[in-house]
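Dropping the structures in below, format is structure tokens.
Shared between the two complexes below is chain A, which has chain B as its partner in the first and chain C in the second.
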Partner chain A sequence: MAEKLFGSAIRRREDPALITGRAKYTDDLKLPNMAYAAILRSPHAHARITRIDTSKAKALDGVVAVFTAEDVEQSGVPGQIPVGWLLPNMKMPPRSLLAKDRVRYVGEAVAVVVAEDRYTAHDALELIEVDYEPLPAVADPAKAAQEGAPLVHENEPDNIAFDWEIGDKEATDQAFAQAAHTVSLELVNNRLIPNAVEPRAALADYDPINGKLTLWMTTQNPHIHRLLMSLASLGLPEHKIRVIAPEVGGGFGSKIHHYPDEAIVSWCAIQLGRPVKWQATRSETYMTDAHGRDHVTHAELAVDENGKIIGLRVHTYANMGAYYSTFAPAVPTYLYGTLLSGQYEIPNIHCRVQGIFTHTTPVDAYRGAGRPEATFVVERLVDAMARKLGMDPAEFRRRNFIPPDKFPYDTPVALQYDSGNYEGALNKALEAAGYEQLRKEQEEARKQGRYIGIGLSSYIEACGIAPSAVVGALGAQAGLWESAIVRVHPTGKVTVYSGSSAHGQGHKTTFAQLVSDMLGVPYDDIEIIQGDTDEVQYGWGTYGSRSAAVGGSAIAVSAQKVIEKGRKIAAHLLEAAEDDVAFEAGKYYVKGAPDKSLTIQEVALQAYLAHNLPPGIEPALEAVSFYDPANFTFPFGTHIAVVEVDPDSGEVKLLRYVAVDDCGKVINPMIVEGQIHGGIAQGVGQALYEGAVYDENGNLVTGTLLDYAVPKARFLPSFELDRTVTPCPHNPLGVKGVGEAGTIAASAAVVNAVVDALAPFGVEHIDMPVTPEKVWRAIQGAGK
Partner chain B sequence: MYPPKFDYYRASSVDEALSLLQQHGANAKVLAGGHSLIPMMKMRLAQPGVLIDIGRIDELKGIRVEGDTLSIGPLTTHAAIAASEDVQRLATALSDAASVVGDLQVRNRGTIGGNLAHADPASDLPAAVLALGGEIEARGPAGSRTIAADDFFQGLFTTALDENEIITAIRVPTGQGTRVSAYVKFPHPASGYAVVGVAAVLDIAGNKVTTARVAANGAFECAKRLAGVEQALSGADATAEAAASAAEHATDGFSADDFMSDIFASADYRAHLLKVYTRRALQKALERA
Partner chain C sequence: MQISLTVNGRPYTVDVEPRMLLVHLLRDVLDLTGTNVGCDTSQCGACTVIMDGEAVKSCTVLAVQADGSDILTIEGLAKDGELHPLQEAFWNNHGLQCGYCTPGMIMTAYHLLQVNPNPTEEEIRHGLEGNICRCTGYHNIVRAVQEAAQRM
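Showing the complex of A and B:
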């Protein structure tokens, strides 16, 4: 009998290959006769291209071909990069694989070289002559929104990509008119560069005999890439494209999107009839991977005389970059505005978001995608209001939480939260942190001229966004269900085909854990297949913390179908009524007569032999399901950051970090903790270190890891984690998702802590990243 | 991240390296640990046609105490310098600085000679060598010469070294009587380079500082001495209070234009940090007295 694995912190089966270097990433793959691509990128944020001369590059020994936009056009392929989420009245500027007459951001692809080796390809890039006529550029979304700003798309009247709102403006304005107190903040949510350890890569191989393209690439969702390659970029029939995700070294959202580069490489392979590989350099990923966040927000909160929140009003400029990345319009709208109720009963909310085109790299989903932005707005405002009222920030939160007996709770911004126990998580976090004692220590330290700050962040997350009909109504050009096949082989071994596509999450471990428990089959007898469009029926992929809740649930539904089919066969063989046959720990038995039993392995063999099946039952033992959830899931929690600020240098040291998360039931606690650790690190990174900076001319100043600071392990304390468990009520596993929780909570917790530390100086806000110089200036400024 | 083509020569002696340098002239670059040059080549910011690898010339490695001088071979790695008990004891500031260069991998490959010759304004060793009153011995076609550290660092990535010279030794006087020293830095959170780094070397007799040599890197286009601090400390009490008050003179004699400025730290802020880190360096050195 298999022991219970659901809930067990077993080690990941993925890791031996990863830590011994045997795992194969896209760049590890080599095919006979393979050539190498390198892509020429615009050095200008905005320029007219008046001439491209590739003759010198073509003449270089070892160069196979050099292509420009004109060549792609002449090939007759659709050649477009589409947007996958539509909002009402949004502008729809086209985006092609290679820039033709005009470039709109530094890094935009202009030409491609294919050569016998990578060095020659890069040498040839320097021989391509492009005449650029530089044009004025704008990088800041608030500036780009103003009249007279340089236009990103010259055929549009302005740079406002869309103007979206949610909530009741009139009611919210009224609430503010009647408020006892209001606070307002001007917030910049800094632009982030994703920094997956493995930069993007693609290897395309086209077979001209049967017309089939095989594309290995760094993707979180191979089927979406196949669909968009077929429909918009290459025009090849969908069944003649196979997209494979080999080992993928992290994504954080950046490998969801459909970029020009992988399509260009595929197009080259088709033109040349030989395999072509492209591996982005780190500098290329900095210029071309969709960046994250980049909001400029004016936010206000109103309370009544009892300190109860009565209104929230938000206006945000959301930077889209030069073009829409795949799901970019969804991120600052339906993944942001809908989350602005946070954990609180807020009767009136109004949020207006203007998506703005700028001469910068496109912006799209990055770990958390909209939800960290919403949490930052809400949690900064809540802290500011608590301070204004002279109330402890924990107490102010407590007073305004949605109480447990009000679920399901309809927010004024379109979501129905299905469950939650916010005070439970807050109390647990306060206790773990020793909150009362911390406040005393803070007081003592201040007397000695030391500045300790304590920051809370009580976040709500919406994961596994669904059902498909709802997201379709909101503009998604995608379904958000997931598929699974559970196939029991004649020997009782099991292969699971999942539409989820892991790139570090450990699905091969967690999915096998839950199948092992359900089928009573040993863990080692279960194989998980994912990330290959020819093997997996369909899949929408891994992002938005959806894989356990949606992909895992699909597997559970299929496993249950297998159990039920097996029950029919077992009942027939045991000569018992189906209702009298129980299934437990891998064994079918007649209720009341446990000796009359068959193992699932024995049933599987009989199912395949098909010598004696009940009438109407087809041979074999497998099931497919396409699981469309009833609702989002709503993880929540409270995080507490403790910092010390050095008032001399402005340096911030993170002393402690306490996180209490509720992600529902936990399949593998070690993996869940790993996700929270990584998420917190990235959230702390945004708060203290990371920030993509463009200069006035649209040049990316933070173009390498020398200038763009990702958090190092030594910057971080050992995190103190705990959890509460409020199972998701509507999926078969009770799981909710945890991949983004740490990132969603951490930025607000850390900034709240720094502002709390500097309260004696009268500092009310510091924009992220909270660098030492900003802290020093805030102290200087507040003192005057 | 793919450098253009170049020729590679491995020199087995200083003489061979010098003759290769002579032969290839401005087209050649000397390769030691490769931790400054190779990244620049990968980004195609440096495109030498010829690399002369001196990395395996044993005569250029090692740390020796020669009377009242510490002699360090230019190919000695940062890790070896940081681990050396002689350096820790006789030139503590240099040991401090070597121990905070980059990360462990960089310290295991990067060399003191390469570091000083590259003269990155934000690297850690120049301030330490300068504050310790070090000398750089260089050899070229015309023979050997000795350059005082005070004359060696001339500007952004610019030294007194001629194009066809190679550093053959770094010599640091170990001082008479009680000498204490320290190096502290504010590392850039991305690169680890010094936003500001300060080396302080104090000779102490009784309760007084007899001589102070203090130098900074990160703040300026190259490592520079902080004359105001040195003067303020000369003959001062060897106390934390005196150190704090001397540190306020860190920016004396410099104008706003002298300070480096970038998106992480403006000139104003660097000038402020220079005072803060000067105080910390002095106090750390005094704690060792």
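Showing the complex of A and C:
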């Protein structure tokens, strides 16, 4: 009998290859006769291209070819980068693989060199002559929204990509008119650069005999890339493209999207009839990986005389960058506006979001994608209101939480929360942090001239993305179900084909854990296959904290189908009625006569031999499922950050970080905790260190790891984690997803802590990243 | 230029361009792809190897500078099929997720434990300053180095 593995912190089966250097990432792969590509990128945020001369580059020894937009056009491929989410009345400017007449952000691809080795390819870039006529640029979304701002797309009347709203404006305005108290905040949600440690890469190999392209690439969703390359960029038939995700070194959203680069490399391989590899440098990833966040928001909260929230009003400028990235329109709308109810009963909410084109790198989903921005708005407002009312922030939250008996709860912004116990998680976090004691210590410290701050963030997220019909009605050009085949081989060994595509999450371990329990097959007898469009049936990939909730559920449904088919065969062989046959720990037996039994391995063999199957039952033992979730899942929790601020230097030290999360049932607690750790680090990074900066001319000032501070080990404390478990009521596993929780919660917790620390100075808000300079200036400026 | 060096106990003599980086020699010429490249400004540490007993970022060392040196990479750490205690500890403590920074992280930790066999948590966090991990928040990496220190 197999050991119970669901809930067990077993070490990952992925790791032996990774810790010995044997794992193969894209750039580790080599093919015979392989050439190397390098891409020339615009140094201007906005310019007209008046001339491109590639002759010197072509003449360089070792250069195989140099191509520009003209060559791509002449080849007759569609050559377009598509957008996968449509909003009503949104502008639809085209985006092509290589810029032709005009460049619209620093880093936009202009030409590509293919050479015999990577050094020569990069040398040749410098020999391409491009004449640019610089044009005025705008990087700030609030400025770009104004009349008279330089136009990003010259054929459009303005830079407003879309103007979207949700909630009842009239009712919300009325609530504010009747409010006992209101607070308002001007919030900048700083632009982030994802920084997966493996930069994007691609290796394309084209077989002209079969007309088939094989593309190894850094992807979170190989089937989406295949689909979009077939439909929009390359125009090859879908069955003639094979996309493979080898080992992928992190993504955080940045490897979801269809960028021009991987299609350009593929196109080169097709033109040249030889394999072509491209590996982005870190500098290229800074300029070209879709950035995250970048909101400018005016937000207001209204309460009645009892301190009950009666209204929330939000206006946001969301920076889209120069073009729509793949799912960009969804991020500041349906992944943001719909989350603004947070954990609270708020009867009236209105949110208007204007997506704005600017001369910057496109912005799209980055870990949390819209939900950290929403949490930041809600949790900053809640803290500001608590302070205005002179209430403890924990008490103000308690007063306004949606109580456990009100689920399922319909928010005024379109979601139905299925379950939750928000006060339970808050109380557990307060206890873990020693909240009352901390407040005493804070008081004592202040007397000694030390400034300690305690920040809470009670977050909600909509994960397990997503019910397909729902997202379709909202504009998604994708279904968001997930697939699984569970195949039991004649010997009883099992292969699972999952449409999820891990890039560090440990699916091969967790999925095998759950299959082992369900089928009663030893863990080591189960293989998990993913990340290859020729091996795996269609699937939508890994993002949006969806792999366990949607991908795992698909596996569970398939495993159950296998069990049921096996039951029919076992009943036939055991000469019992199907209803009388139980299945437990890998064994079918007749109820009341446990000696009459067959193992699933024995049944599998009989299923394949097919010598004696019940009437109407096909041979073999496998099942496929395409699982479409009934709803999003709604993980929640409370995080508490404790900081000390040095008022002289402005330095913020994160002393402690306590997180209580509820992600439903937990398959592997070690992996779940790892996800939370990493998520917190990224949220703390946003709060204290990270921020993409563009100058007035649209130059990316923070273009390397030297200028953009990704948190290092010494910036962070050890984290204190706990959890509550409220199972998801609508999927077979009761899991909700955990990949984004830490990031969604952390930035608000840290900023609330800093503002709390500086309360004696009268500081009411500091924009992220909360750098020493900003802290110092806030202290100097407060109360003046 | 012709250079000779030892990598993971094996001698090599190779012809390299004067400008070739050590990391490209390891990866592209010697096919030792365990050492990864994560940046172009010597910040991320993914390419860290041990050169004559010192942890170096192999993207900042020219191959010709490694002439005559003794290099240890992630591929040379396990001996006779036995994982090194650091490898074992990273595995036990979930000290990696995507694994891309891991070879460099382990080699830096290897050097750290050579010079400081019993580091405190703070010393570990400072010792890993030159290595960036985007997945783990470092929490479990610190645990892994602590466990390895105890086992070594």
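Keep in mind that, in the parts below, the second predicted complex is superposed on the first by the 782 of 784 C-alpha atoms of A that agree within 3 Å, B and C clash if a C-alpha of one lies under 4 Å from a C-alpha of the other, contacts with A are read in each partner's own complex, and residues count from 1 in each chain.
Here, contacts are C-beta pairs under 8 Å (C-beta built on N, C-alpha and C of every residue); 3 or more make two chains touch, one makes a residue touch a chain.
Please read these numbers as outputs of a predicted model, since none were measured by experiment.
Once the two complexes are overlaid on the shared chain, A:V363 sits clear of chain B and of chain C alike.
In the superposition on chain A, contact is made by A:S649 with chain B only, not with chain C. The wider contact with chain A, measured as residues touched, comes from C rather than the other of chain B and chain C. By the document's definition of touching, of the two partners only chain C reaches A:D27; chain B does not. Residue contacts after overlaying the shared chain place A:L705 against chain B and chain C alike. Once the two complexes are laid over each other on the shared chain, residue contacts for A:R11 go to chain C alone; chain B is not touched. Using the contact criterion defined above for the overlaid structures, shared-chain residue A:A35 touches neither chain B nor chain C, since it reaches no partner.
Contact with chain B, but none with chain C, is seen for A:V693 once the two complexes are overlaid on the shared chain. After overlaying the two complexes on the shared chain, residue contacts for A:T281 are found with chain B and with chain C alike.
Of the two partner chains placed around the shared chain by superposition, chain B and chain C are both touched by A:Y119.
Annotation: chain A residues 118-119, 281-283, 704-706, 710, 712 touch chain B in one complex and chain C in the other. Taken in their complex, chain A has these residues touching chain C: 11-12, 14-25, 27-28, 30, 118-119, 195-199, 247-250, 252, 279, 281-283, 503-506, 670-671, 673-674, 677-682, 704-706, 710-714, 716, 718-719, 742.
Listing the residues of chain C that touch chain A in their complex gives 17, 19-20, 24, 27-28, 31-41, 43-44, 46, 73-75, 77-78, 83, 87, 90-92, 94, 96-103, 106, 121-122, 124-126, 128-129, 131-142. Put simply, chain A touches chain B in their complex at residues 118-119, 121-123, 126, 281-283, 648-651, 688-689, 693, 701-702, 704-710, 712, 715, 771-773, 776-777. Partner chain A is touched in their complex by these residues of chain B: 1-5, 43-44, 186, 188-191, 193, 263-266, 269, 272-273, 276-277.
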